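What follows is one structure encoded as structure tokens, with my remarks underneath.
Order as written gives the chain letters A, B, C and D; numbering starts at 1 within each chain.
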Amino acid sequence: MNDTQVTLVGCVATRIDYKDTVNGPSARFRFAVTPRYFDKRAEAWTDGTTSFYTVWARRSLAVNLAGSVSVGEPLVVHGRLRVREDPPDGEGKRWISAEIDATAIGHDLNRGTAAFRRVVKTDTPLMATQKASVV
Amino acid sequence: MNDTQVTLVGCVATRIDYKDTVNGPSARFRFAVTPRYFDKRAEAWTDGTTSFYTVWARRSLAVNLAGSVSVGEPLVVHGRLRVREDPPDGEGKRWISAEIDATAIGHDLNRGTAAFRRVVKTDTPLMATQKASVV
Amino acid sequence: MNDTQVTLVGCVATRIDYKDTVNGPSARFRFAVTPRYFDKRAEAWTDGTTSFYTVWARRSLAVNLAGSVSVGEPLVVHGRLRVREDPPDGEGKRWISAEIDATAIGHDLNRGTAAFRRVVKTDTPLMATQKASVV
Amino acid sequence: MNDTQVTLVGCVATRIDYKDTVNGPSARFRFAVTPRYFDKRAEAWTDGTTSFYTVWARRSLAVNLAGSVSVGEPLVVHGRLRVREDPPDGEGKRWISAEIDATAIGHDLNRGTAAFRRVVKTDTPLMATQKASVV
């Protein structure tokens, strides 16, 4: 309830940082979103200021992300937004980091083609050798 | 202004219907979205009722879609929603069709892996032979 | 999971249809969303085609809606979108209705002012006299 | 293009800071969004961590906001999200602030009732006395 859903269209800014945790696979990366505006005076599209987000993925989304996505690739990221706030510094300024718990991620087909291969879900945890082949 | 943006996570229900028009490449397909609920009594996730949408893509998104996506594949679709209304029938019931003008589409990496290949934008229109190699 | 959240900015097209049901208060109304585009040739903003939705509210949202909103008033509506499909007719055409299960609704302050009065939540059901005073 | 639209449901955390600028009326405030989760072990709804945003409004939305909204009131806020990044500090940590350019704002009718009064648009700028009567 009161979840803030958001969809980002942008580019991967860092490599995928993948980890096996006690709660299952987890992955994160930094994501850059640059809006584009039509500049009426210049009569041309120009870039706005880039916003950066930390995107988190879990379970099969984390595994497939690590096996599919590289730095610089364009993605569509859909998930829940939260803004983590650290305590104010000496000057009383608030510092904040914007994070997305991704519910779905895909390559943006505006920019290229993608060959998709379905991964069959298994109820038993993947063994290391199987996981290697998935990734 | 007052645009209704929406993000759909679901599966392709029909083949991609691709056309070259005087306004450039255009593609459309039917898309099925099935929400899943946690049934407290059964203590299990169950399917809700499926919603169907008609998704439209233009330009390079249409070309890459036709070259990348098949029936049954899972997608994330982001775009503008509009609801076209036909005149009421004899019984006075309103009939409506829900359509998405897609701004970005990608394979849902929850369900599998994707090998992405960037397509370089050209300012000159693609010739038929070039387009064939892109698709 | 796979819920489709959407936010509509538009105007109330019908009076609020309020009912007390065995599952608690329920209200619905038709809602009209008209996008506006900047027409480059005319150098002016013009109306696009209007989309119509059926909006549903439950519990306290339904009660306060019935006590606050009239036909023609501008609203922001946030909720889950679903598209109900009826069986194809004789010509094989699909007929669809677009519905929103509202999670939050408010008057659009672009168009006017609003005097807000908080309603205190009670765990016991409202009696008819209390409800009348709320509405 | 690539705009990130978002809808927030939460409470006003600071008073509305209203200013007349050379570009017209402008207002801003801090906004708190607290998601609620169903805690299966406790079998009860509990609060998640609160996210804070800076919300900006312009023109008539700014004027009506200043004339309608007080600290602590519940709102629905719809707009464009951007994340402003300040240069890394000495420890190399990135500091970010999350801001919303609001396109529509309304009182959340889950929590109370609202009496709406339409403000007629004028093409000529409001004079101080007129504005006072609007606010």
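Here is the rule we go by: a residue touches a chain if its C-beta (ideal position, glycine included) is under 8 Å from a C-beta of that chain, and two chains touch if they have at least 3 such contacts.
Computed from a predicted structure; not experimentally measured.
Among the other chains, the CA centroid farthest from that of chain B is the one of D.
The chain pair from A-D, B-C or C-D that repeats the A-B interface, sharing more than half of its contact pairs by residue number, is C-D.
In this structure chain A contacts its sequence twin chain D using mostly the same residue numbers, the overlap exceeding half.
With each centre defined as the average position of its C-alpha atoms, the distance from chain A to chain D rounds to 26 Å. Between chain A and chain C the centroid-to-centroid distance comes to 32 Å (mean Cα coordinates, whole Å).
Taken residue by residue, chain A touches two or more other chains at 1, 5, 7, 9, 103, whereas all remaining positions touch fewer.
Only residues 5, 7, 9, 60-61, 64-65, 67-69, 73-76, 78, 103-119, 134 of chain A touch chain B when the two sit together in their complex. Contact residues of chain C toward chain B in the complex are 1-10, 33-37, 45, 49, 51-53, 80-85, 94-98.
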